[in-house]
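A single structure is presented below for examination.
Per-chain numbering from 1; labels A, B, C and D assigned in written order.
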Amino acid sequence: MASLEVEIAGIRLKNPVMPASGAYEYSEERKSFFSPGELGAIINKTIFLEKRIGNPPPRIVETPCGMLNAIGIPTGGIEDFIETQLPKMESFGVPIIASVAGNSIEDFLEVSERVAETGKVSFIELNLSCPNLSEGIEWARDRKQLFSVIERVKASVDIPIIAKLSPMVSDVAEMAAVSEDAGADAVALINTYKGMVIDIEEKKPLLGNLTGGLSGPAIHPLAVYAVFSSYRKIKIPIIGIGGIASWSNAVEMILAGATAVGIGMYNFVNPMVMKEVIEGISNYLDDNGFNSVKEIVGLAHRLG
Amino acid sequence: MKVFYEKAKVISLKRIGDSYLEIVLENRNIARWGRPANFVLIKGWENYDPLLARPFDIVQADGETGRFMLVIKVTGRGTRLLAKLEDKSEVSVIGPLGKAIEDFSISRIGLLVRGVGAAAVVLLAEKARERGIEVYTFLSASTGSRLVCRELLEKYSTEIEIATDDGTIGYHGDARERVSAYLDEPGFDRLYTCGSRRFARFVKDMDKQGRIEGYLFLETYMACGMGDCHGCAVGKATGEGYYLVCKDGPVFRSSDVVID
Amino acid sequence: MASLEVEIAGIRLKNPVMPASGAYEYSEERKSFFSPGELGAIINKTIFLEKRIGNPPPRIVETPCGMLNAIGIPTGGIEDFIETQLPKMESFGVPIIASVAGNSIEDFLEVSERVAETGKVSFIELNLSCPNLSEGIEWARDRKQLFSVIERVKASVDIPIIAKLSPMVSDVAEMAAVSEDAGADAVALINTYKGMVIDIEEKKPLLGNLTGGLSGPAIHPLAVYAVFSSYRKIKIPIIGIGGIASWSNAVEMILAGATAVGIGMYNFVNPMVMKEVIEGISNYLDDNGFNSVKEIVGLAHRLG
Amino acid sequence: MKVFYEKAKVISLKRIGDSYLEIVLENRNIARWGRPANFVLIKGWENYDPLLARPFDIVQADGETGRFMLVIKVTGRGTRLLAKLEDKSEVSVIGPLGKAIEDFSISRIGLLVRGVGAAAVVLLAEKARERGIEVYTFLSASTGSRLVCRELLEKYSTEIEIATDDGTIGYHGDARERVSAYLDEPGFDRLYTCGSRRFARFVKDMDKQGRIEGYLFLETYMACGMGDCHGCAVGKATGEGYYLVCKDGPVFRSSDVVID
């Protein structure tokens, strides 16, 4: 059987599959399906320093092969994360990624430092790309701001940094390159696209927040492109996210250049999807005569 | 709580009137563990459109036969596909979901329901009666053919009053007027409502006035059904944040939540 | 019955429905379904000055609720357009939009001038956003270049100019504002998103051109957002395009701020879709007590 | 050419072997106007996934009964949905599409087909025979149970040779060897092929050698089926640009196109 092990910034993941931030809680309910300990890594829903309540409902709406969410990142804040969430996550014995965000560079620094100080997380993921916050995507849009938030967090914590980027830019590969230059150890591509549904009866936007972020199978071809084009510009690993609903979608991502994959909304539809993806990748490697998943990372570029 | 993600076999599918379905499904775990106020997420089609599974209340659950029943109003793309299911085909089901009603230390409840909202309270009526609780049901609809779960509710209720807006069956008018007649005598320990925003406001009012303990079965758009997506938010009455209907509900004390 | 008439740059369209460029030929086959003369306007597949053969196959692939195309704009060039296509289009007696593109500003100028000289077209649409050409989207990405191509074409022809923009920018509304400032009479939003599918058997990109442009229902919520956000920034009319597959999708676009709508790939699935959209809009207006489609343009902003 | 976009009713759906379907549909216009080499686009599901209609050859078309037949290999998402169609349900159909074979000023044709490629030539065989043309058919498959349209081709062919890779039925080996035996005597005015890239290369070779006029039925991904999308390109042998399979084809003189 082929090895599923991958490495990001020197940290071993036993397989390349993890949840995408915000789409998977480490709850009793989820444990009904499989243990999060079977995943390559685990990640929390983005936290801010302070408690936040999130956006007014409706917060979600289904779209063709996708869904819009305008959750707005409700979070208990850093204290709650350290006291309540982290102990739960630790119990699974796999690398923990802490997804954090802030309203200012100072916020990003403080929340990252607090998280790193716990000594319990393997990576910090900077969510620079939430389309549901007024300035959420701006971090990933402005080259200077992107560079400086990453550079400063990197300088102030001693664990690897993942930059989670937005596809809502002219060229996400360029932003991935900026992230690499600023010292990011990996990039996570992609967060959702801003979209909206108008309620034609009410004649107004359906979501409470007016707009929401599009995720799901609809965006998969766009996410694959984001990974493919970034792979050509950077050397740091890519976590490929967006519309993965099956093992073959994940294999596409890896062939395009992702070292690992994150699965978001499809966990809602098929609670077993991450486990099926792990098995599917394994079978694919065996069927195609590969010894390790590492052999296929970026393979689609050979002839490109 | 343990949640199952399994296949369920379609045992029978009956169309009721022009817009309702009664589906009996076979799955031991749902049938065994389904409790009052629990719901399931059902997906009865392949492919990604519609993308999300659809939530429905567990109307009947029989641990011995391994069967459970849903009553579904055909309204949109997902329910139209469910209406086409063939016998012996399989659907995927996630459940049981939601916080079940477990506390039966009461002696009399009222159920005020309208349209397909009736589906939410059948199992509650059944289990309450099993425990010797008196169940007063007020079943309403715009017209007789839209009365849902009538036979089951007749079976499980101590007393049932039917009201239709057009008077085709039962009381000609608003079911709230019938409830009011019972509020003081015999009175209810709890009044549950489902299926009408006006009813919910009424129950909230009565609760506020201290005349009953009011409970609302709430419905929102849902994606995950188990607290991951935070999509099913309903405002806390305190104004500070939100409950999740799937995990904190679907039943809420009327004074705890904001409804509009 | 409510009036369906709208106006763009002073030119009357009898209804707000037209094909999107590149997805509808004025062929005998198409005339089997309904006459293009029933549409609000008609538009050609983008032409360049010179003949082009387009990209190597495969050129299309289906994706979840969408399709990627990497056609690469085969065209007979300006002569062929004037001699063969234009006479066919003229015969329908509705305003003609000529979609043009070039590899340089000079090309854009020349092809626009040649088209305008015929005296037979009502608008020129500048395709500044084809993701299948190496520099195709760059026009719509660089503010200066966008401004100058529009400004110069505007100065050299005496018919209204529509700027067709790409969503693959940080903020399409800003680019719409640049287009307005440069003198565009209207904007067409949106062209396709760059995406890709990897063939996991062959382990390489499936499309001959590696990447393609995503269109179809999958992108509709993104297109609605593009229209909605642009409507807040510009005064010139918007032609809303992207994923329209039904009259209600079109109504969403109009409520979001589109004066007219363009329908692309769904013509392939339902050859009657444009006619159904015209009827559907008309019924919607009647059912909701409106006298004219103009009354609902941008209505979703009331409460926004 | 006039194209219809209409509903067609499922008259019967027969599974053949484990992977083929024979569907008889009712639509007067397709049945009336379908000609050899014409195809239709079929969509037999609601919703947007799968998004595109699927192309299939018209195998039989009977203007009098208003019925036509398709033979479909179940391979992916769309064809799996078609396999679930119920009798009397409706599908949408766009057609007839493609350039029909109209020129029958010949006396003998050969048909070299493999697998579901056989579906493409049945109507051609039928119409050619009606006009007194001799039809020699070489029907091939990996194994006997994958022989498609055998009975119809036996009915319409002057002579038929069957070849299977595993020898379960007919000649044990490559159908090209059987064709070769006929190339000089009696010889064919035209040799049509469908369903195998190797066969296509063979026909192209024979054509190049001047031994026959070779024709290829080509298949590509298609969206519109009528020349709008330019998606179905196949390279011109001249190296200058592309033909559209849907509009310029689906049948091409082998010397006109690039195949790999």
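Throughout what follows, contacts are C-beta pairs under 8 Å (C-beta built on N, C-alpha and C of every residue); 3 or more make two chains touch, one makes a residue touch a chain.
Since the model is a prediction, treat every value here as computed from it, not as a measurement.
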Notebook entry, point to check: Between chain pairs A-B and B-C, which one is joined by a greater number of C-beta pairs in contact?
Noted result: A-B
Item checked: Chain pair among A-B, B-C or A-D whose interface repeats that of C-D, sharing over half of the contact pairs by residue number -> A-B
Notebook entry, point to check: In whole angstrom, how far does the Cα centroid of subunit A sit from the Cα centroid of subunit C?
Noted result: 33
Notebook entry, point to check: Counting in whole Å, what is the centre-to-centre distance of subunit A and subunit B, each centre being its mean C-alpha position?
Noted result: 36
Item checked: Separation of mean Cα positions, subunit C and subunit B [Å, integer] -> 47
Item checked: Rounded Å distance between subunit B and subunit D, as computed from the means of their C-alpha atoms -> 53
Next item on the list: Going through subunit A residue by residue, note those that touch at least 2 other chains and give them in order.
Entry: 63-66, 216-218
Notebook entry, point to check: Counting only residues that touch at least 2 other chains, which ones in subunit D make the list?
Noted result: 48-50
Note to self: Quick check on the complex: what are the subunit C residues that touch subunit D?
What the structure shows: 22-25, 27-30, 32-33, 45, 53-67, 69, 71, 74, 216-218, 245, 265, 267-272
Notebook entry, point to check: In the complex formed with subunit B, which residues of subunit D make contact?
Noted result: 46-50, 77, 80-81, 86
Notebook entry, point to check: Can you list the subunit B residues touching subunit A in their complex?
Noted result: 1-5, 43, 48-53, 92, 94, 97, 220-235, 240-242
Next item on the list: Flag every residue of subunit C that touches subunit A in the complex, lowest number first.
Entry: 63-66, 68, 141, 168-171, 193-198, 200, 203-205, 210-211, 214, 216-222, 224-225, 228, 243, 248, 251-252, 255-256, 284, 296, 299-300, 302-304
Checklist line | Touching residues on subunit A, where the partner in the complex is subunit D | finding: 64-65, 217
